[in-house]
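In the two complexes that follow, subunit A is the common piece, with subunit B as its partner first and subunit C second.
Then we have the complex of A and B:
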């Protein structure tokens, strides 16, 4: 009897340790991503994020100030300054340096290099330099100085600035943010509405073929949505054409454009010459609803089946209709399951790019979502990937908020139907 | 109906030609293309000129998966008015399926008259339509130059190297750098799902430098088989550079796994990891921040063999604009692309080359681009990127993967044989 109440199991520390380990394992990539989001592209390319937290010895090349800044001092032309200041980087400590790419450690800090043609360059440990020449400096670029220096960690908010505020980014990100909400909120609410009704029927109403219907829905869970994308899109197209034909007369050569508008079309506010696009919010809501329904129905039905039978039978005896039972008893009791599915669906539609690309984003430029905006920031050849980590943290903000507010339902809902 | 539409459009185009700037205010023109990010901002500058001239409302949407997106949109019947194709293969395919409309009449003659090597641009833009008749569907605008070697002039100066002008000199320089205890080349083939494509450019450049252009054309259309000894020899020419541990930064094993976007960074490290990098004209976008092209980094023409007497072949690529949903505004826009202004609007920015002979060359944003354009206009042979012209399964499939295998150590003959087999399987 090891497990009597009040006595802790002997191996409790094993549990704690493994939990700690799992948490660390999960956090590890996120921390890396977080650190990377504050680093520049060159920093990311030259060293790993774990090195970014400590001072490191680096070989770099920094140019002195341009010849335009030279001054005449005691008959010599002089360019002075601090190398780290020229580069705009954090001050470091120089150990050795050189002036040729072939000999980057030719001089110790504080030594003076003979540059030929009467030129002399002195570089101090703290990066101060003095370039002296008897004749005038020419050219537009400063002298190259190759440094081996110990530099402190350096982070910047530049990436966040690029993602959120640079150029047109604010406009676009703002628009994309609102569009994403326009997609996700209905795409979360509609499937829950439908699925709750369906789940009640499948759980508590007796009709022929119920078991078969449930089997079909479970079967639909395994159908990959990628398979349905294009057929569904052309189906949306034919719905549009059918609607145009019903609400007016389609234009010759373009079945999606009104030549004339009938009574029904006028009711919707169409005018002759209007074209209906088969891509749009309606289409993307319908698609998300369709792809979300099997899981929603399955999850909710399993939860509802587990509710006590007595309550429902009592209500029936008291003369409640199915609709009353559903709204007054089942819905309030199923709240954890509804909430957990809402979280799932919200997260998945928030992070979705594929469905939005197929059903929403067209060439008008008005319909874009956050995920796509982030892809766009990467540049034509995917080169600006330093902003990827940053963009991930920007985009993660809303789902995280949703998660933290509703996480108690998530755990309860995850267990929906599995524990009785 | 379609016919009257076209003749109407042609009439309109004629009128437009006479009146120059017609009034299209309130009309929407949608354009889809492969440019996003900084490139998108540049193309929008060009579109703004058109908007200003005509009053049309132009919407541009870029996509990194443009090739898939445009097919989806065309299938769904929601295609934009104009699509910008990064390669002719896909455009030819879409023309055949009836998703493209031929360009306004007279465009062909205009390209012949006003583009350097006009005939080859017309050939690259003409495809068989759904009825099998050949017509001009694609208008080339914005060209990339591929036969370039990038280097850091000051590193060359420090080491006392000269820019080579022949392939023999380039090979001698490569060996010289190794003899000095340094590494000459940075080569990276990594590119996510497209890993291997930088090597196809190498092989194409080598084909043009070892064989006459007719053989290149035959190779692209598979009249010359992929496992032909001449092709295998070109692959081995690439191998001379890439499969020698001493020649490549990180050793030959690192070639396939290094990302092409990261590989040029070796030129700028301290001390330099390599001295030369062969890549197209767009690569400065991946140089470290603050690099001034022309001063911190420069390029030279990837030279030809002096002894082979094949002239100065140039390998390039380009984007072509095609009408995916016909409308008078779309036709007017193609007319607009014929004006020097349309070219100059992007020239004055960055990374734009054009075969248009009538542009004001002083409008180039920087001297480097102007110098590249000189290479383009001075080419004795211009050939389009072969892998873009081959069927997708080869040019964007087995050719890429084959090159990765080759870089990994497989013999050239075996690789060429398996690529030919995949080509046969497509027929």
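Then we have the complex of A and C:
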């Protein structure tokens, strides 16, 4: 292929350019959010993120120091200082300035404005100013100066500090971060184990109905999990009610609350009056396990079928049981497929919103996950881009890390997982 | 107990229970129920081997049955009953109620557009990128960058694109890049893209296309590599130009894979929920089936109509389900 393309240099250039264009197009939205997460609320609101990497020209109004700070120098009253320092903002370079909102570009940097009885004001390029008057300055506030200044790009980690550690009740991101891990890790590990055994049986054991079971699993691959929401929520509810009845006596009118606690209930640390919520980690782990199994079994079976037959038959001849063959031969050999599925399941459970909304997050909000928190922020603080961008980036960072380090396995899994 | 410790405990208990189950059930089968010794040793070994597959399969089958197969039938039952009447059978009443709801038809119309646009665009872009990157040295890097959105959650993508679509009043600096470009190209006033009925659907679709293109690209790129070199060389010898090689030689040979990619993305589209939920929540005529169903189930608490909506999604998935099963069986023979 290279040699034909090589004959047409124009085509090569078109190819390079269009790929570059596509990559930039695909990357741009994410970069926008990433850059925004390092900017302050003011910066985000006053200019597009694409300008953040260049020095910015901004119009601002800053007051000089108050008349209380005036000094008597050579018979004149003088107020001196630096405008950027007065405002506490980042130093910049002033090009033009003015003393009225109607003429904000009346003077060049270094020029002196004569304001009549208010005195004479000189503003230098670096923000140093000198306000001189023959009579004493009065009033409580300083003179207004309108600046057009160029400020260098500036970024900070302040947003990340706010989102992760500030601990405001409304932005429970730090907590949601841990909760998300709590959901994902068991929800990734448990289905792998269950699926591996089932996949081995479907790949290497001979029994009636095997082909049918494989077909069922292929079918279940595409069943929308939306169907499972209500039936499973009721099912989790009845499990709770059954447990309460088993471990004690349920309260009248609320089958999920203990009136009395039996021996079994005490063992689990329940006390009379305790209510068991049907939403919680156990439920979400079980749900993710169930929803992830078809893909897990399908992927692993396809991989295991392809393992060399000789090894397995030799082991059988040597007297190994199926259990030994599975644990000593199949499982180690299937590592790539296990890794593929683990990544899938991790990404899927980490990024999930619907299953967590339905099976995990109760009214107390203690078990909230990151996707849910971000949606909440979108609703209540749609304008606070600095918080939103940072929160979103915190949640994106983990899957992106997994993605870049384990891309090989992800690609392999995708190739094996799409029904051919 | 801290949830993280609880999580760790669950892993230990869950994994321990799984391993314990598989290990001990095997021992019991081989040593207690059908011992491989005594007068019936041979017969016992055979019997144990008949039972063992089901031992291996049981946890998986139970989970699948309970969490996927049973809900399909239970949802069907719920869609035919009324919860307020104590679960009495009401026939197709819920479906009738749903078909009287203009929001349902709005969702159906939007879903139809999603189904037409997203799989087609994702596959087309995926194929384009796969073909273009095949020839260049930094192709792997380009592919990995275009693939990246696959790792980003729908919710994260919603935030990313909300910033792209952001609109500020005329006269202030635009922070959404789309409006900045629009005004730069001579647009009169900034648009709030997500509130323009009908067209806003396409702005939501772009988000899913952005995510799914990487998936299409990865699969199609592998398929393109699998196209036999001889067929391409023969075409070159016959004087075909690169476009002819692509459309007349390569594409027909990977048609099967294109169909697979197309149907897989179709399934994703039918289930699309998070993007709409996070970006517009179905307002401004952007409702889709999955969000409509969520609305009915958890906001209006109408299990009947919600289940009916879920059954509609199931019905739309069924042809693909049958097709997949048919192909899988064909392949196994």
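Keep in mind that, in the parts below, the second predicted complex is superposed on the first by the 259 of 420 C-alpha atoms of A that agree within 3 Å, B and C clash if a C-alpha of one lies under 4 Å from a C-alpha of the other, contacts with A are read in each partner's own complex, and residues count from 1 in each chain.
What we mean here is this: contacts are C-beta pairs under 8 Å (C-beta built on N, C-alpha and C of every residue); 3 or more make two chains touch, one makes a residue touch a chain.
Remember, predicted model here, so these are calculated numbers, not experimental data.
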| item | value |
| --- | --- |
| First, second, both or neither for A:230, with subunit B first and subunit C second | both |
| Partner chain(s) touched by A:314 [first = subunit B, second = subunit C, both, neither] | neither |
| Subunit B or subunit C, by number of subunit A residues touched | C |
| Which superposed partner A:384 touches (first subunit B, second subunit C, both, neither) | first |
| Partner chain in contact with A:358 - subunit B first, subunit C second, else both or neither | both |
| Partner chain in contact with A:347 - subunit B first, subunit C second, else both or neither | second |
| Touching partner for A:201 - first (subunit B), second (subunit C), both, neither | second |
| Touched partner set for A:135, first subunit B, second subunit C, both or neither | neither |
| Partner chain(s) touched by A:144 [first = subunit B, second = subunit C, both, neither] | first |
| First, second, both or neither for A:45, with subunit B first and subunit C second | both |
| Subunit C-contacting residues of subunit A that also contact subunit B | 45-46, 230, 357-358, 375, 378, 382 |
| Subunit B-facing residues of subunit A, complex | 40-42, 45-46, 59-61, 100-102, 104, 140-141, 144, 146-147, 167-168, 230, 233-234, 236-237, 252-253, 256, 277-279, 357-358, 361-366, 375-384 |
| Sites on subunit C touched by subunit A in the complex | 3-4, 6-7, 10-11, 14-15, 18-19, 22-23, 26, 30, 49-50, 52-54, 56-57, 59-61, 63-64, 66-72, 74-75, 78, 125, 128-129, 132-136, 139, 142, 144-156, 158-164, 166, 173-177, 180, 210, 213, 215, 218-219, 222, 232, 236, 242, 256-257, 260-261, 264, 267, 270-271, 273-274, 277-279, 290, 293-294, 297-298, 303, 306-307, 310-311, 313-314, 317, 320-321, 324-325, 327-329, 331-332 |
| Interface residues, subunit A side, partner subunit C - complex | 1-2, 4-5, 8, 11-12, 15-16, 18-20, 22-23, 26-30, 32-33, 36, 44-50, 178-179, 181-183, 185-186, 189-191, 193-195, 197-198, 200-202, 205-207, 210-211, 213-232, 235, 281-282, 285-287, 289-291, 293-294, 297, 321-323, 326, 347, 350-354, 357-358, 367, 371, 374-375, 378, 382, 385, 388-389, 392, 395-396, 399-400, 402-404, 407, 410-411, 414-415, 418-420 |
| Touching residues on subunit B, where the partner in the complex is subunit A | 1-2, 5, 28, 30-32, 34-41, 59-65, 69, 72-73, 75-81, 152, 154-155, 158-159, 192, 261-262, 265, 268-272, 282, 285-286, 288-289, 292, 295-296 |
